[in-house]
Amino acid sequence: MGVSTADLTMASATQSRTRGAWAGIGIFVLLALTQWIAISISVPDRDMGHLQKIMYVHVPAAWNMMIAYFVVAIFSLRYLWKGQERDDLIAAAAAESGAVLTGLLLVLGMIWAKPTWGIWWTWDARLTSSAVLFFMYVGYLILRAFVDDPDRRAQWSAAVGLLGALNVPIVYMSVRWWRTLHQPQSSPSTVDPNYVIGLRINAIAFLIVLIYFIRHRYESAKMERAADQLHERAALATRGGINA
Amino acid sequence: MKPDARVGEYPGSRVVAGTIRLPTVTLRITDRDDAAATMTSVTRRFGRRWALRGVSLTIARGEVVGVEGHNGSGKSTLLRILSTAIRPTGGTAQVFGEDVVKNADAVRAQVAFLTHYPGLYDDLSAEENLRFACRMLGIDGARIPEVLARVGLEREGREIVRTFSAGMQRRLSLARLLLQRPRLLLLDEPYNNFDPAGIALVNDVVREVRSEGGAAMIVLHDRHSAGNLLDRVATLRQGVVHESSDDERAPGAPLLQSLVGGRLT
Amino acid sequence: MTWSAEWRRVGAIVWKDLTTERRSKAGVNAVAFMGVLVLLLFGFALGPDTEALRRAASGALWLAILFAGVLAFNRSYQLELDGGALESLLLYPGARWGIYLGKLIANLVFVLIVEVVVVPIALILYQVALPPGWPALLGVTVMGTIGFVTLGTFYAAMSSRSRAREVLLPLLLFPMLVPVLLASVEALTGLLAGDPMREAGAWVRLLGAFDIIFLVASLLAFEYVIEV
């Protein structure tokens, strides 16, 4: 099986949890730093003023949301190919992180839209596509919640994750086309050189946060599975019978 | 015993096919590779519940094995794994040498599984159900009248299955099984919902398959209905085989059974 | 199994599903009525203004088809689950994609029959005149339906066998259908308005591409969801 109980003795578990805690603190400090840098070096936008600074969370969240989906796709494929439970757990962890990022993205998009255009939602191509992606993530997670058998859950999630990932570029493309027909593009410019540095460093900081989240979630899932396997061992050990 | 016969499941040993003559009984050892079905340390879980917790057994060609046990002991799961309906969580199983996971299609071609639920389409007639089965099996429907007659449903061919009693549905399932000419029969409580004529029919079919070199595994609640059909009965309890008794003609057979990898007669 | 044997299996499944559906009587009628009901409700929701209705016609029609269609997909697997026939179905030797294709074709026929009822009623309720190029309308509807049924048959294989099947199918299916829905609605709207911007053709081509992509992906992935 994919998880070895050897690496989960009490001492090593506590050790890795402490290390994880320090890593987490470090990463969040890093993120706060990059945010502060980006906010202080960037000039208020002509039209949007300081509201523009929301971009430093919104845009990196968008990029990393896509990366999370990519991770889901890769590990789903790997699971279908190799059948190792570990791959399913990583994909699920990535999906959860991706769902959170997408939710964040949508909320920030709405917060940005209200003062800019006076309405909460504008059917902007990228935001709308993100909304669809959010539902795809959530569908994946709800499917997992409703299936008890671990093999079935892993296999179904992998198939759903892969097809979902396939749909991501298709959704983006078709929604963008749909919007260009009815209304000109309305999202803020992200290529202004003033903002690029801020965006880049925050994107990297968010990526590190994403990796941390996925890793952390995977570790807890691993621990659950290890507990499961102890349970298995107990169940099999006391069986008796002529083959024992 | 033959001096150079090496037996058992000890490392480095192998089952030797041959005959051992003892004063009161003749023991014939079947080579494991020639078995109709083998299971090695098969486990199967459903969520947190372990239905099978390490089952190893062999069904030799020409053997009819009964499986007894309380509800929830794992009997149906055993059959379902051998039929390739589900995969084992751990361990391996082979049917006529083909692995149930890796060569599932080859196994399906040789196995017929009679489930305790009918597995039929209620809105189709008996004939239509069989015709569907023929097309799915890739055979033509020439034998449909013959198998219907065999199970005593020759006059109900056009009737919709929804109108059938449980016994009639069971007969139709049996008819479908006969279309296949299986080599391994897996019967899950075949005697339920059956009158004596139906029970005799099931046993006839089992005898037929056995005489052609096939084998059968029958899950049952009481051995009575099987008459003297069973060569061996395994008792499952909580997902493990607890006894595997031959009939009374071979005293001490269980002990020898656990030493020898193959089947004893 | 050889190709011809495999196609015979597909045909057998199509025949079995459609015969069962025909005999059960309730199926097509109930689903078609559901579709018309949705159209009616949308009409109420949009209000009696003719212009608003005409503009919304294509969208309302597709939504009616979607809501009615999801009922059909779960039903198609339900008939396997009721008598425990699914396990028997999986024990016949042969490829899994054959089962998928058989169910897909049967579902397609079913939904197309429902559309024969729903589409004319939509045109009537939403006061849309039939444009001269109406065969193209038919073509677009069929293409959109293919995309819909392709994904619906795939996801229903999972939802019908889990808890909360009624909510799980729309939840999984609808986000996946967004591209197909957009393309179908845009193409249909363009055609109904006489295609003033020549955009409909491009959407139709996109729709065709979507159909092919999703069909291939579902065919490949089906064995993973039906086996376990």
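Per-chain numbering from 1; labels A, B and C assigned in written order.
One rule holds for everything that comes next: a residue touches a chain if its C-beta (ideal position, glycine included) is under 8 Å from a C-beta of that chain, and two chains touch if they have at least 3 such contacts.
Just so we're clear, the structure is a prediction, and the values are computed from it rather than from any experiment.
S.K.: Return the chain pair with more inter-chain C-beta contacts, choosing between A-B and A-C.
M.R.: Counting C-beta pairs in contact, A-C comes out ahead.
S.K.: Of all the chains shown, whose C-alpha centre falls nearest the centre of every protein C-alpha atom combined?
M.R.: C
S.K.: State, to the nearest whole Å, the distance from the C-alpha centre of chain B to the C-alpha centre of chain C.
M.R.: The separation of the two C-alpha centroids amounts to 42 Å.
S.K.: Using mean C-alpha positions as chain centres, tell me how far chain A is from chain B in Å, no decimals.
M.R.: Computed value for the inter-centroid distance: 49 Å.
S.K.: What whole-Å value do you get for the distance between chain A and chain C if each is reduced to the mean of its CA atoms?
M.R.: The answer is 31 Å.
S.K.: So which stretches of chain B touch two or more other chains?
M.R.: 87, in rising order.
S.K.: Using the touch definition from the top, which residues of chain C touch two or more other chains?
M.R.: Expected reply: 228.
S.K.: Where in chain A do residues touch at least two different other chains?
M.R.: Chain A, residues with two or more chain partners: 149, 151.
S.K.: Note which residues of chain C are touching chain A in the complex, please.
M.R.: 154-155, 158, 162-164, 168, 171-172, 174-176, 178-179, 182-183, 186, 197, 199, 206, 210, 213-214, 217-218, 221, 224-225, 227-228
S.K.: Could you pull out which chain B residues touch chain A in their complex?
M.R.: 41, 43, 45-48, 50, 53-57, 87, 89, 237-244, 254, 258
S.K.: Looking at the complex, which residues from chain B come into contact with chain C?
M.R.: 80, 83-85, 87, 105-106, 108-109, 111, 113, 115, 117-124, 128, 132-133, 135-138, 160
S.K.: Given the complex with chain C, which residues does chain A contribute to the contact?
M.R.: Residues 80, 132-133, 135-136, 138-139, 142-143, 146-147, 149, 151-152, 155-156, 158-160, 162-164, 166-167, 170-171, 173-175, 177-178, 181 of chain A touch chain C in their complex.
S.K.: Give every residue of chain C touching chain B within the complex, in rising order.
M.R.: Where chain C meets chain B, its residues are 1, 5, 8-9, 11-13, 15-16, 19-20, 23-24, 79, 82-85, 87-94, 228.
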